[in-house]
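What follows is subunit A paired twice: with subunit B in the first complex and subunit C in the second.
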Partner chain A sequence: MSESQYPQPAPVETRLVFWYFVAGMVYFAIALLAGFFFSLQFLNHYPFAGIEWLSPGRVRMLHTNAVAYGFILNCFLGALHWVVPRLTRYPVASRGLSWFIFWAVQAIVLATAFGLLAGHAQAIEWGETPLYVDPFVVVGLILMGINFSVPIFKASRKPLYVSLWYFSVAFVWTTLNYVMGNFIPQFFTPGAAGAAIVGLFIHDLVGLLVTPIGWGLMYYFVPVILKKPIWSHAVSLIGFWGLAFFYPLQGVHHFFWSTIPMFAQYSAVVSTIGVEVVVMTVFVNFVATVRGRGEAFKQLPIRWFYTGIVFYMITCAQCAYQALLTTQKIIHFTDWVVGHAHLVMFGVFGFWILGIVTELWPRLTGRPWHNPSLNTAHYWLSTAGMLIMFVDLLAAGVLQGYLWQSLAPWEQSLVASVPFWAWRTASGLMIIAGQVLFFYNMWRTAAAPLPAAETKPVPEPVTV
Partner chain B sequence: MEQRPVIERFATVTLVAGVGFFGLSVLLFAWLPFQLTRQVPMVTVEEIAKQPIPEFYDLARRYPEQFMKYFGEPNSESYARALRMGRDIYIAEACWHCHSQFVRPVSNEDIRFGRVSYAAEHQNELQLPQLLGTRRVGPDLIRSAGKHGNDWHAAHFYEPRWVVPTSVMPSYKWFFDPPAKPGDPPQPNARGLAIINYVQWLGSWAEPLPPPILPAQAAQP
Partner chain C sequence: MKRPINIHRLVSWLVVLAVAIGGATFLYKLVEFANTATHEDMPGFALVSVVPYLTATFGFLLLAIWAFLRGHFRDIEQPKYDMLDQEREYDLAEQQRSHPTDPTA
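Up next is the complex of A and B:
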């Protein structure tokens, strides 16, 4: 692919992007292993039984936190360092600050991992980060916001492209959200009010950090690779403002039928359905963009992106349906929600990241992919594994919900779930196998000798 | 300068969408529920500890040496300490990822677990942060007070499959001191005593319901 298909290059810290992706993939590998081992507990074959620091409950927190803060945040920051200077044509605020943030993120993720395994976790879902790490996270988020907002602000003398709306607001939201979710329920609001705030935090972490940055990146990479503009600017406006208005209003749907005041629960139903309807416009926009360009799916990044976009549509349709008080009677507390979460975090945002890395890795290393067919296998193993896991956990959730309602002894729901849990582990192994191929390919690509007529410095080999 | 629609400006996006819409959500879903629930004052651990639960005294009798070593005399002071410690272990071991702490008014949960949860029972210091939970691999725990004896809990924490053969709960052997003589049963240490006491406390405030009417199949042991 030639450089000319991209906008005019601005100063991009290519090595920083490279190292963010390396760090992201290392934590991704850790998260995959943690998830795999935790799933073995459900089959009573946990390999580290009796070791306090590797207790399944703690490893479960390692899994989710390594995904959110290790894998997704690192890879998103790397991609932002690639995209923001290109879209704004200004460099980020400070090169030194960029590298400082990189090391700060790694230190925070490692401190979190240590804290979780040592038993210092905080009882906030997705915010298990120990309390003594939380202030540093807030400072880090503010610094990230400043670093990326300076070029966006400079560029805002002209109309801002849709990606930049998402990027500039994501760090404002996440800083506010992190302060709200980690400190108010910990010190001020017990019980139902605390649960309402934790619900907001759980949902806003996905909805106001991961989703806006993910969509912002899609609004950049899809048109650039397809070499055509996005279908409709007006529709992208609806998608953005709809998400911005409805997304913060629905967190309480994580605690339906709880002791949270019912007005909050009813409003959460309405806004959940509202946001799913509105973000469907984003889906339409992207489908209309690729319409008539079927041959583009031969390019692996586009295939990753659009698989993720279709999965996003599925999760949205599912979310509008599962966040009804009636549906919640059965599926709440079950594996249904676990399947939903995996489709969102891996099937959508993970897939987008993998597509971006597939696209950028040759450009970051200056070398062609060592073996492109490994990347194709990576795609199919991940997609098949994800689909099997999703359908399997959904079915398990429905079964568990009805067994609980039937008043059968609790153990019966465990016995009935074991085959589903075995399939979950098997599908997870498919996903892991795909990533092993990808990690190997990344390493071989980065370690290969430079093609002739290239004079770039050789990056160090990637070991994962 | 090119025309810049208001809703596409940096300031509009960050202030209206970023601060404004987020502030609206905080107002509706954090501040309002807080104003409603604060009418029930938050109970401190010291207030809870004025009357220890019977299971706490049972722990002192059942494991006298261990209890004396780690908690001293069974009184309000040691009970408060045990409750706080038990809650911290519940968080550290992420018990709340697989057990909830509220009974819903749907799905026959009042028959299975007991009285439906009410807001006041979560208005205490041990629910900072709240432990309502979002997933049940194991059953709800907010009505677990007295459902099993302390010895059942000790065996269950040491090796859950000894008492529930199909359980997928991890074993927590670090809640126990190794036996003094080979062949003796392991004795719960400070953490074991505290977590048993905490689970036995959950729901000890709720008046018991009449025995549930279960389907014939479920009534069998």
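Up next is the complex of A and C:
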């Protein structure tokens, strides 16, 4: 029997996945601390008062950028280095290029962090990365696209699995979006036109980078862990193409009641509601996949994934509701939006990442979890903290919106908001406590001696 | 004698009516867009906000056509089974390895 007749291991660079996850968790810790300190500003207990480079405005940008580019991007890249070679049976274009990109990402995130603290932020929300770092980001995105496109293109001789469709476009979308959002408003279209572009950039960063990679990963990990194919591959493709055609024009809904022409605002309302149809197809597909498998929720990764999926449905329902001009009159500029952003970035994509790391960490380290109970506590603390923060900020937003609309004195809305901000800090502490347990468990697992080789059970046959 | 209502015909006409109304409103928006795009107070504003969207959408249209011509939508459910079969092979291959590599080393 020739060697090629034996099952071949997946061409995955596990060390790279491991270090991407480590880097992601380091930035996650920084983001959590920055968020916690910033929340203290609202309670008049900011610990760095008077220190310019640690002023609350700069620390807030550190918080949001560390989450998006430090935590989520690093962990997504790690997960992609696991999933893409396994789905395509081909390694990424170049192992050397992969490591170069890894170090480039860390350098860019660090340069961004120092640039923000030094006061060099660009006046673009989620695109505060200093202007002198932006060209390197664009080059990095192109290299990432090339590195992952090569195996995907080789695999496209056969019909592609839906995850690969999502991954294949994420970096193309994001490169175009990054150039548009960071350079056009800066150099070519100041004022209202620039604001419209920034709106597109913010929303497309979530919808065309984080969302496609996130869903692509879910379409891989959920069936693999359940050992059951997704309910309908056709429906999953409807979700993909629907995202492609409906999503990009939604960004203007960030600037309702502004000087942007009303036809663009109305179009944003229609496309935001239209994308809900797409979201429903994805949601139904995942619910139908797990139907009849209630015991699967005993597996922590599945619990993380499906909690994130339910949160995703909530955020998208919120999106459609928020994207009505009537609702915007109340919630614009309030803490409602902050609650929505936290649920999207942590409750959905953060939860999916934590589920993926929970699943892969023992396989990457070759060691079982040091203490599985800590992971359970991590899940419950994170979920409870997230829910409390979300409901609290929603309620605060409604209160603030109605107070402003009634033309009550500004100070009155501040005084009324303080209890909500205290609950926000408390719920943040719950989330931080959960992550501390997880970081400790990750470290102890990786530091434990390798167990003696043992025979793993043969996986169950695929059930349809 | 009273003719029975043909439900399929009725639904078809309703769809045509909906598309016609939708198309008319879309046409109105296009005219409004063209007027705004050439308006002197906001030069290029509408073009800048809509052109990136149209460009991206055109790219997707080409991608969809390419996928269709390559037969990606022919046996549309097969990839979900192939993916799990591959995973089972990887699991078997991993099982054959005596010692996992230590990425922390």
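Everything below uses one rule, namely that the second predicted complex is superposed on the first by the 444 of 464 C-alpha atoms of A that agree within 3 Å, B and C clash if a C-alpha of one lies under 4 Å from a C-alpha of the other, contacts with A are read in each partner's own complex, and residues count from 1 in each chain.
In this section, a contact is a pair of C-beta atoms (placed from the backbone, for glycine too) under 8 Å apart; a residue touches a chain by one contact, two chains touch by 3 or more.
Just so we're clear, the structure is a prediction, and the values are computed from it rather than from any experiment.
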Clash-or-fit label for the pair subunit B, subunit C on subunit A: clash
Subunit B versus subunit C as contact partner of A:V224, first or second or both or neither: second
Which superposed partner A:S156 touches (first subunit B, second subunit C, both, neither): both
First, second, both or neither for A:G119, with subunit B first and subunit C second: first
Which superposed partner A:F18 touches (first subunit B, second subunit C, both, neither): second
Touching partner for A:P190 - first (subunit B), second (subunit C), both, neither: first
Which superposed partner A:W173 touches (first subunit B, second subunit C, both, neither): both
Partner chain(s) touched by A:A234 [first = subunit B, second = subunit C, both, neither]: second
First (subunit B), second (subunit C), both or neither touched by A:V338: first
Which of subunit B and subunit C A:V277 touches, first, second, both or neither: neither
Larger contact residue set on subunit A - subunit B or subunit C: B
Shared contact residues on subunit A - subunit B and subunit C: 156, 158-160, 169, 172-173, 176, 180, 184, 188-189, 192-193, 196-197, 200, 237, 241, 244-245, 248-249, 252, 260-261, 263-264, 267
Touching residues (chain side subunit A, partner subunit B) in the complex: 41-44, 46, 49-50, 52, 55-58, 60-61, 119-125, 128, 149, 152-153, 156-160, 165, 168-169, 172-173, 176-177, 180, 184-200, 202, 204, 208, 237, 240-241, 244-245, 248-249, 251-252, 254-255, 257-261, 263-264, 267-268, 328-330, 332-334, 337-338, 401, 404-411, 414-415
Contacting residues of subunit A [partner subunit C, same complex]: 6-10, 14-15, 18-19, 86-87, 89, 156, 158-162, 169, 172-173, 176, 180, 184, 188-189, 192-193, 196-197, 200, 220, 223-224, 227-230, 232-234, 237, 241, 244-245, 248-249, 252, 260-261, 263-264, 266-267, 363-366, 446-447, 450, 453, 455-456, 458-459, 461-462, 464
Subunit A partner contacts - residues on subunit B that touch it in the complex: 1-5, 7-10, 13-14, 17-19, 21-22, 24-26, 28-30, 32-34, 36-38, 42, 91-98, 100, 102, 104-109, 111-112, 117-119, 121-125, 127-139, 161, 164-168, 170-174, 214-215, 217-218
Footprint of subunit A on subunit C - complex, ascending: 29, 32-33, 36, 42, 44-46, 48-50, 52-53, 55-57, 59-60, 63-64, 67, 70-104
